[in-house]
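Both complexes shown next keep chain A, but they swap its partner, so chain B is in the first and chain C is in the second.
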Partner chain A sequence: MTDVPIQMQQGTANERFRSGSPLFDLLSRGGLAIAILAVLIYGSLASPVFFTAGNFVNVLTSMAIVGIVVVGMTFVLVVGGLADLSVPATIACGAILSLALQPVIGPVPAFAAAIALAGFCGLMSGLLIGYVGINPIVATLGVGTIVLGIVQAAVGGVIVYGTNPDTAALVKSRLFGIPAIVLIFMAVAVVGHFALSRSYWGRWTIATGGNYAAAEASAVPVRAVKAGAFVITGLCAGLSGALLGLTLQSARPLVGTGYEFSAITAVVVGGVSIMGGFGSVPRAIAGLVFVQLLTNVMVLQGVRTPVQGFALGLLIAIAVALDVALRRRAGGAL
Partner chain B sequence: MTVLVRLVRYRVAVILGLTLLIASLTVSGFPSVTTLGLGLDRSATIGIIAIGMTVLLIARQIDLSVGSTFALAGITAIMLQPVIGIWPAALAGVLAGAAAGAFNGLLSVVFKVNALVATLATMLIFRSVAHWLTDSQPVPGTDIMLSLALSTVHLEIFTLRSALFVGSILLLHFWLTRTVAGRNLFAVGSNADAAEASGIAPGRTVFLAFVFAGTLAGVAGVLQSLTTNTGSPVFGAELIVTVIAAVVVGGTRIEGGRGSALGTLGGVLTIAALTTAMEFESVPAYIQQVVVGLILILLVVLDRTVRPGPRTHAAAGVPG
Partner chain C sequence: MSAVATALRMRGISKTFPGVKALSNVNLTVDFGRVHAIVGENGAGKSTLMKVLSGTYLPTTGTTDIAGVEVRMRKPADAQRLGIRMVHQELNLVPDLTVAENVYLGRMPRKWGLADKAKMVRDAAAILDELGAAIDPKARLGDLSISQQQLVEIAKAYAAGPRIIVLDEPTSSLSEHETAALFRILRKMKQEGIAIVYISHRLKEVLEIADDVTILRDGSMIDTRPADGITAAEMIRLMVGREVTNVFPKTPSEIGAPVLKVAGLGDGYNFRDVSFEVRAGEILGLTGLVGAGRTELARAVFGLARVTEGRVEIGGKPVAINSPAAAVRAGIAYVPEDRKDDGIVPSLSVRENISLPVLRKLSRFGRVSMSADRKLAESYTKDFSIVPPDPERRISLLSGGNQQKAVISKWLSTNPSVLILDEPTRGVDVGAKAEIHRIIGELVAGGMAVVMISSELSEVLGVCDRVVVMRDGHASAPVERAALSEARIMALATGEEAA
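Up next is the complex of A and B:
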């Protein structure tokens, strides 16, 4: 992950973020890599089990589920869509449907249907935000509430259990010692990275987030691009939820609570601007790696849970305040 | 078309009226003073927080941390009771809410962190502090009789907190429509640069709006803790969605510069009437969510697609 800043340099040209001073430049570009390195060194010195393959596999597994959401959420922030707060609902949709539909249509179609429906929820939010012009916070809160209610009503408001142990075994299986979930996450991240940095769609996404009016004038289909970001997040959260459901072999309606904030935390700590127009998937994932490693070190050191939450909250505030200070960009307004 | 425009302008009043009418016809025992008082009392918590949120949204800011502030203020008020007495402790709880709001304002104004991100961070921080202080256990208060006294119904309708809610919203209406400070708030929300050029200090206005929202979340939290005689770190975890829904249903725009106190009153009452009526009919909680979500989406879509012409904030003073 130390090559993140280099990828940033190759990515979209962001001349406007240069502040002139070489020290500020270094801090702004390499700050996260330095921070990750610092956590790695501190963790290795402080705990004998930190720098072991087993621990890293644990960290990777725990970040895979939220990591898939992070990839989608990056698109939402970059396109200037603030945040997708319907993620808990779409995760629950993926988890509940992938288990509940198993006896009816078989495990693989159930998996696909769960993701497709979560994508459809994303499409609903996307249409409201991109085409009707509703504020993303309100739209995703509303759609999320409705979707969660409908999914619960569909299964009668109870916890759903898996009926097919083979699928659980498949999700928990390992290839070369790496859990299947981690491989899926990596595949999603690679696809997301190339889609955002190398494809027309990605360039349109960055252009729309950077300057909506200019992008529209340059014949970028801004409405579709904006809606598309929420479809992508819906699909990602659906996939994440389906994998979570298969891993746990049970799904309750509130299974996705908190994932939206974890994903936003990772993306923001990674330095993706919430004002839109700037950011990349590797950056967001570097943010996720930092947060996960820090949490891991705190757990290994026996830090109490409330203190961990406190540290994490402070971290978001400091990371963003520092980012604003280093870039000398005016922010503050919603 | 003009009928439609009129319907859209007074949509909150229309929906509230429809809800009350349908509920009175179909739900037995709904149209009574007791139900009204009950509905008012349960909407008071949401309502008091919604007052602060209305001011913040008009100033083009948002506070996601109100639920955590709510819990923190309540815990402060309960935990200090044995040390400094009940009323000083309650005051300390409200001050804790104000301090939380000031911290949000500091992050947002001085450090220029986007309000959404800043209050997301403080939501985690305040909630963690609440768990930290209480060891994640609910804390009992010292005087159980006080909670009974607070729940007493006066004039057959009002409890202390519902009276406080209705009184504050009328004050807010007066403040937003009749005072210079209220008008400045709308100016800052619609165009901060233009407001600054006209001699208003947007930073100070926004900071005070955050303190105001924190204080009111604190008041709501202290009242909740005194009424239940408990301080709990999990209080208010789900409040934020309902509060934002109530304010937005009331016609306040999340993009800033537009909103009204009476609209928020309408939004809060609509959601309270809906949930009370549905609970009378034992509709499952998840169906209630779907209804509230649909009304939220329907109203904002109507707001975007049918434009009742340009409106100043003075015109927005009526519910709608």
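Up next is the complex of A and C:
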């Protein structure tokens, strides 16, 4: 930023240090809110079903499972860990174990064990990435493949069914008309948000993603912080998988396929930088809301599946291009 | 060369960015066969002016003539075609290619449509030889030292047969010895009639090499003068618009007991058997040629690199320092050499940068106390007059000098007993430099022990109480202030005087 003069009086400091134009500020801050509003308006006009409580509960419910993963994935992107591709495996781990262990140790311990094991998978990825220094894409793909293999072998490649219908009822129950699963998602989001924005661990996460060497030189335990992001994602995916298993009362090893991309899409569309160092949970969730509403409108309008995929792919490309452009705009240093 | 004596004439150049007028009505005339220095504080508009000259920016108003012909440069390739070559502060080289391949990057000699490697190596060897640089054209660039890479960058510009060469802070990574070698090269280019635009903070060097000097301040041209009739003090006055009385004020301080003791420290490669001690209230200078192992030593003392031999003692007790966190616990702080790479987290605010090493202490049950965080940052922004005085400003938007003050603040927040500063004033302007020296002076007056690594001899001589000179990984015995002279330090650094 050698172009910005430093010798100046306090009165003029503010205007001279401003990074961009008002339009640029509005777009970078409120672009997503405007986009969500646009989809809401379009959806309400185009479909009579769209703006109904029933439809919104549907959207929320389908959002909740992937939303919990989004919270974890936000940490991975912010810490500069690119992406966690072991999510399908950790979701399967959560879903299958929470059902399969029920007859053995009871529903609550089974639920907890499923999440803990998924967290352990995240720890494996995290150690490989943070301490050994393996590329996150390769490490999580490897760990994911191994875990999925073990899970498949353990259940013999078949579908596992639930044995305790009460658990299904509990997950499907509603409080003030809101499904329990949505409430759990909201709780995870709130905790995740405060952890990232208010705790020292969260600040460390942002600093590590923003400049690894400087964070290390500032006595931040960068390796542990990096590994931690993958543990958090593992725990989130495990919880998400366990809830999914209980909802469906059945789980196959491939139950989690595609969730990693849905989660990454949401986080990236939310404007969290894929290069790390910048982002928040509310942003990622705003991205998720937008993607979910858009998908919902497309489904209601009868848009064919391949076209939906095309639209979402385009959205990711635009979001990443915007991220790069905004960085350049910010002087290449953000 | 050309019959026209004027290589470059820029008239009425202005450049406006949203919210900032970076240049206003700047005139610059550079003749063939002369070195024209451009000086000014950080943010005075030097870089912007050079970006206009190199075709990166299109000026808002103004005209540029090259050899008497008005030109309009829309992209760097246009400027290159007109014979303008830039040597940037950040080197634009490819580490994995050879020296020769870098010199001819983008315009390799061809034979039957293929790169003619033999000719390329021959030509590169000839160019390097002509410049007096002892570098193997077949060596991998990444294996060279930074100063050798700098020479390759200059050879690359020279090989293109330029009419105008622009050098941006070419000596910032060179020791004084290597700077002398660079100046020999520049004088040779000058004799060949090349016009040289030379940007530097180092006024002594400017006076040594330049024929003309243009001073910029706040985006405006203050004056152009022949270098013969101007002094460093006068240049500083024109740059800052006020008189800076003492560039290196030395605050007297009481020297106490040894705080940090390094005994026989070595990493088996960059430095070995290094011993020295720093006392409370003392500034110990650590100097030497670039590559002598100073930074590696400092990083090792701070736990950023491993050691294989020796020990570190704090207050008489040996401490095991295997991580920066351990160093912070032991009371050691380190302001690194490379601000951009190791010093700041650009996406965070000044406040968030300052509190980074002490975040845990500011937290309860994992939650950072915002009030404590704010109070810390506000006190430092005020004490060190960081501009703008807004701790919420993203640190990347601050000038180099103010970023450096924030980095120093960050380390003082850990309440250290020893502060190691690695080239603390490199790339900062004169005003900020004096302020950083004032801050260091206050710290030692308060009883802190300071180790200052610096390549700038005048700074070392002006500020330090004792100086240790490093050469090839070995440290000299400390030289007392009374016995210090430039000649003595250079003799120790180059090995003319045995350590």
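Here is the rule we use: the second predicted complex is superposed on the first by the 306 of 334 C-alpha atoms of A that agree within 3 Å, B and C clash if a C-alpha of one lies under 4 Å from a C-alpha of the other, contacts with A are read in each partner's own complex, and residues count from 1 in each chain.
Here is the rule we use: a residue touches a chain if its C-beta (ideal position, glycine included) is under 8 Å from a C-beta of that chain, and two chains touch if they have at least 3 such contacts.
Computed from a predicted model, the values in this text were never measured in an experiment.
Colleague: Figure out whether A:Gly277 sits in contact with chain B (first) or chain C (second), or with both, or with neither.
Modeller: Only chain C is touched by A:Gly277; chain B is not.
Colleague: So in the superposed three-chain picture, is A:Leu141 touching just chain B, just chain C, both, or none of them (first/second/both/neither)?
Modeller: A:Leu141 sits against chain B, while chain C stays out of touch.
Colleague: In the overlaid three-chain picture, which partner chain does A:Ser199 touch, first (chain B) or second (chain C), both, or neither?
Modeller: second
Colleague: Tell me the contact category for A:Val220 with respect to chain B and chain C: first, second, both or neither.
Modeller: Only chain C; A:Val220 stays clear of chain B.
Colleague: What is the contact status of A:Asn211 with respect to chain B (first) and chain C (second): first, second, both, or neither?
Modeller: second
Colleague: I'd like to check the shared interface: which positions of chain A are touched by both chain B and chain C across the two complexes?
Modeller: 330-331, 333-334
Colleague: Quick check: in the complex, which residue numbers of chain C touch chain A?
Modeller: Touching chain A: residues 17-20, 22, 41-48, 217-219, 240-241, 302, 304, 323-325, 327-328, 334, 336, 340-348, 352, 356-357, 359-360, 362-363, 366-368, 370, 387-390, 393-394, 396-402, 410, 414, 429, 431-432 of chain C.
Colleague: List the residues on chain B that touch chain A in their complex, please.
Modeller: Those in contact with chain A are residues 60-62, 107-109, 111-118, 120-125, 127-129, 131-132, 136, 192, 206, 241, 244-245, 248, 253-256, 284-290, 292-294, 296-297, 300-301, 304-305.
Colleague: In the complex formed with chain B, which residues of chain A make contact?
Modeller: Listed in rising order, the residues of chain A that touch chain B are 82-83, 128, 132-135, 137-139, 141-146, 148-150, 152-153, 157, 253, 261, 264-265, 268, 274-275, 304-310, 312-317, 320-321, 324-325, 330-334.
Colleague: Residue numbers of chain A touching chain C in their complex, please.
Modeller: Result: residues 1-8, 10, 13-21, 194-195, 198-201, 203-204, 206-207, 210-211, 213-221, 277-278, 330-331, 333-334 of chain A touch chain C.
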